[in-house]
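Here is the structure we will look at, set down as structure tokens.
Residue numbering begins at 1 within each chain, and the chains themselves are lettered A, B, C and D in the order written.
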Amino acid sequence: MTDRPERIQDIAHLGSVELLTPQPARSLWYFRDMLGMEIVHQSGQSAYLRGYGDYATSTLKLTEAKAAGVGCISWRAVSPQALARRVAAIERTGLGLGWTESDFGRGRSYRFKDPDGHRMEIYYEEAKYRAPAQLRSALKNLPMKFTGRGVAVRRIDHLALLANDVGANRTFMQEQLGFQLREQVLFDQGKAEIGSWLSASPVHHQVAYVKDIKGGHGRLHHFSLWVDNREDVLRAASLLTEHGVFIEAGPSMHNNSQGFYLYTYEPGGNRVEVYTGSYLVFAPDWEPVTWNEEERGTGVYWGGALPESFLHYATPDIEAQSASPEKKVPLFDPA
Amino acid sequence: MTDRPERIQDIAHLGSVELLTPQPARSLWYFRDMLGMEIVHQSGQSAYLRGYGDYATSTLKLTEAKAAGVGCISWRAVSPQALARRVAAIERTGLGLGWTESDFGRGRSYRFKDPDGHRMEIYYEEAKYRAPAQLRSALKNLPMKFTGRGVAVRRIDHLALLANDVGANRTFMQEQLGFQLREQVLFDQGKAEIGSWLSASPVHHQVAYVKDIKGGHGRLHHFSLWVDNREDVLRAASLLTEHGVFIEAGPSMHNNSQGFYLYTYEPGGNRVEVYTGSYLVFAPDWEPVTWNEEERGTGVYWGGALPESFLHYATPDIEAQSASPEKKVPLFDPA
Amino acid sequence: MTDRPERIQDIAHLGSVELLTPQPARSLWYFRDMLGMEIVHQSGQSAYLRGYGDYATSTLKLTEAKAAGVGCISWRAVSPQALARRVAAIERTGLGLGWTESDFGRGRSYRFKDPDGHRMEIYYEEAKYRAPAQLRSALKNLPMKFTGRGVAVRRIDHLALLANDVGANRTFMQEQLGFQLREQVLFDQGKAEIGSWLSASPVHHQVAYVKDIKGGHGRLHHFSLWVDNREDVLRAASLLTEHGVFIEAGPSMHNNSQGFYLYTYEPGGNRVEVYTGSYLVFAPDWEPVTWNEEERGTGVYWGGALPESFLHYATPDIEAQSASPEKKVPLFDPA
Amino acid sequence: MTDRPERIQDIAHLGSVELLTPQPARSLWYFRDMLGMEIVHQSGQSAYLRGYGDYATSTLKLTEAKAAGVGCISWRAVSPQALARRVAAIERTGLGLGWTESDFGRGRSYRFKDPDGHRMEIYYEEAKYRAPAQLRSALKNLPMKFTGRGVAVRRIDHLALLANDVGANRTFMQEQLGFQLREQVLFDQGKAEIGSWLSASPVHHQVAYVKDIKGGHGRLHHFSLWVDNREDVLRAASLLTEHGVFIEAGPSMHNNSQGFYLYTYEPGGNRVEVYTGSYLVFAPDWEPVTWNEEERGTGVYWGGALPESFLHYATPDIEAQSASPEKKVPLFDPA
């Protein structure tokens, strides 16, 4: 029997993600018409969206900005007490920013930065979604009608962030927020931590940190949305191709996480994943799975290898900003 | 902000289920050749099996017995401390039976009965599965090779138990084990609790209690195994039909739980579900979904209605035992 | 080696089907918004639609009428010479009605009735679909963009007609049009021909004749549209249920034809099948598969049994017309 | 109306393919245990196999040989008269080889070579498969039980041959055998015929000819087997990977043919495709779809690009034979 302290289970799940886009109208078209999300609110430079299966009112906040990237990443605590515990822990690290007033559909939240500088917040009070009549489902346990529009993503799943020091950010999430480490890519005989996948629930990962090989800070690798079946990912591939949306990789199956995926760039430039499969982790004493250079291979279990851009492109796009006014994002033309 | 006490999160997941069978050889054939589970151990009158994705060594214990039914239902605690807390709580109810020595692949466990008399146990020490060479997967994060044999169930998912007093058992699981109530069927304007679905994790339900309309005790409605895709359930339907296994209901989609399912009887007589879909519950303040007589309908969202036998048949089969030596289980002939 | 005469292969495929509807606006909503067909033309009381994979300009003609039912059923000949041969053969039977001018997207056709009185025509000249810019596919070999709207049926597949004398109609299709008999339901030791499934191509059946147990004439049992995957049928079930469209049977799998299906009623009252799977028949000397009362069972391989209405309801609905002004079609309310 | 002569429809379908293998035991393991085919007969150096849905007794003949490659390719005529007509036509070309005695499950056949030197035969008499008791299906219209073993391919679909002069072989199949040209890859402004896809039935293609860039003769690019669902291809990818079988490309979707595929090498070295999707061609006046250098792209609609080996490797492997005794086929180790 082990003597190690009990793992804190104070974070319930990824609450919402704010994406920044220099192309707000086209990004809205992408998330609403292509991915099938619903717009529930618009305010200032932001639109609030949701997947048909998300229980919260809104899970994606799309905000106009000069450059693509990720804004605030929100985590829901399991209770007011848990919120208080996490706030106290974060404050001790010196990374806390303080309490904010409520945002749409939410109570107040406590803002902080992870060691790499990504903006995050933690909150407890959440308004459950109440669908208007025309969006009410025939199922009492489904928050919103399945409209079948576009890819029809069910809910948000996770996000992957770039960081200069993967280990520092991984440790922060483990120690201050109680995340469990699920998988790691370790190069150079375990000395170089290339990527770490973490979660606060049985979902395989809710956040991943991957080495920023360009030395940036606070950047986004991808934001991931869930569909229920692999067929939905295949259908998405045809639908996105027919509408001129660039598919960077997949449909294919990852070795790490066993996820079945495709990656696209939304018109603002952020990488977006349509995702399913993977596996749930139930073991409280899970032993992280590690992959070295050779085992990791191309990052795929089967299917086409991940392209170079998957390693080099992130938002904001440092090279595009510093070197050239030209657009580096693949062109697409929503017909 | 609420003042209610924090929900205890001491149970990690359903650890294993023991099924009793009067037809051990044919039941083994069913779980090994039809459902595709692997036999990892045999001892005395019991065989120990696992799905290819289960992290534990064994998740199904098949034990020869005079009548079909469920034996011991095992729950894993999240930590030794959690185990101690739950044992203390159970002991206070008077339903505790005491500690047992370790079973195959497990450390010691604390035995108890739920109010209806089902045997249960709680434990923490668990041996993770280490596959022999010929069953090692090409994936480092998959405990065992995907052999593709038969239905190829990935893991155990949940079970449904009959009870005379659904409310008493539901309350026991909530209060003593910290389960969250997910959905309920309430007839007679909420006064008659027909069924309750509960879980200790984001998995929709790990146990369900349903009214035993025949007044039995300790009976099993069904045991459920997970496959990753709806296509797997459809494929299972053809495979089982080709091999003469009786399909009682489905493939179809439940309204409650949104599960996509089919139900068969294993040769010993126990009802077994091949299951996927459903939805994860992330909300710490989840409001249980309730269904009345009318809303519940046939229990299906779409697809064929559940047959009468779904309401009347359970194991052990009280009528078969009391009234007649004849076999009530549908005939099947494994070719 | 056989001495029998060579089978004529003069019919290429089912060209189009005309459905009659007393609810033209709601029927259009069903076929356009729910099934995802495209409206290519409207003229008089008719709208012309197509599936995204149909090579012809239009494959469904929806015509306003007092009662639901099937209008003209069109067959395309493989060549002008084949057309001439079939016209000569039909004229000899006395069932010919004569040549008509071209309809939208078609050259002239020869009209006739089958022995039961269903209106049919045969033609050769067909305008291939040329998509407007906004509906052009990214695939050169796909006639129209896959928009993913609603069920997104790919193409029309077949239709099932009721007849008083199944054998007479089956013989007519075999002898005058060169169809091959694929499967039959024969009751009463082969003396009662309940249903016959026929095709002029490797597609399992393009037309079926089933006994009209109410003694009507010229009636429609169902019209069937193709999707590529079983998942599409499951997705259709959720989509149709969410929008209040009545599903009469399925998703399930037929024994006869091995088709995977669901049946709905379109708002005008006609039964419409969403269909995939089945099998192609390549054998030139195919021996028809016959099913008796017992083998036929419920008509399903697995899944819920076909309901009574499947045997008793057809369009036009004789009982509704003769006995009562009340609507017999299940209510639905497109949200 | 056109005056062109009627297209002959004398060929029903691809009857069987003979594959040559220097690794007969391991090739048998691949086709039986991995792809799930059934061995129906063994004689001399050959084994005869079938898919569960093939109506003929055997559709794949596996023959031990010094080098991998394709042996005799068999086409079934629609009638004895059609057979006689095709034999007469072939004899006029000087490519006829004469009549052979019956092979297992077949009557006599007429042997010939295509212009590139591939051995072919045409026959009419075919013994339909009669399953032994343990392999009889629960479905009367399914020739053999669906056992679900391995990939469980349903039937053979098509094959792709390399040729020095694609046009000459394409013309031969059109003019002597009545195949319809479906799609073409034409480079250099239409002057270089890189590939042509042809069929004698609505199946998109039963044979393809692709330019042999190494100047060989009579070589095989790939042999293709059908599964019913895209999920089956995804499942195959996991199953083959788990058993160490090399996957060269896919799962992915072709632009040409719209097929959903994966390519592996069987242990003998021949490229084998697991295939589904595609589209049926019903138009008797089909206009071949042509792709130039740019449109063809990587040959995929979406998914990973086809690797270099897809262009350079074929069987027999000319380079391996001439230059080196070393094995060029990727290693695999059936566990």
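As a working rule, contacts are C-beta pairs under 8 Å (C-beta built on N, C-alpha and C of every residue); 3 or more make two chains touch, one makes a residue touch a chain.
No experiment lies behind these values; they were computed from the predicted model shown.
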> What is the minimum number of touch steps required to go from chain A to chain C?
Replying inline: 1
> Any idea whether C-D or A-D has more C-beta pairs in contact?
Replying inline: C-D
>> So the centre of each chain is just the mean of its C-alpha atoms; given that, what is the distance between chain B and chain D in Å?
In response: 46
>> Based only on mean CA positions, could you tell me how far chain C sits from chain D in angstrom?
In response: 32
> Which whole number of Å gives the spacing of the CA centres of chain A and chain D?
Replying inline: 44
> Tell me, which residues of chain B touch at least two other chains?
Replying inline: 138, 229-231, 238, 241, 301
>> Per the contact definition, I'd like the list of chain A residues that touch chain B in the complex.
In response: 1-2, 6-7, 9, 12-13, 53, 55-56, 76-82, 107, 124-126, 128, 138-142, 154, 183, 201-203, 228-231, 255-258, 277, 279-287, 289-291, 295, 301
> What residues on chain B touch chain D, complex-wise?
Replying inline: 133-134, 137-138, 145-148, 150, 229, 231-232, 235, 238-239, 241-242, 244, 335
> Which part of chain B faces chain C closely enough to touch in the complex?
Replying inline: 230-231, 234, 237-238, 241, 247, 249-253, 260, 262, 301-305
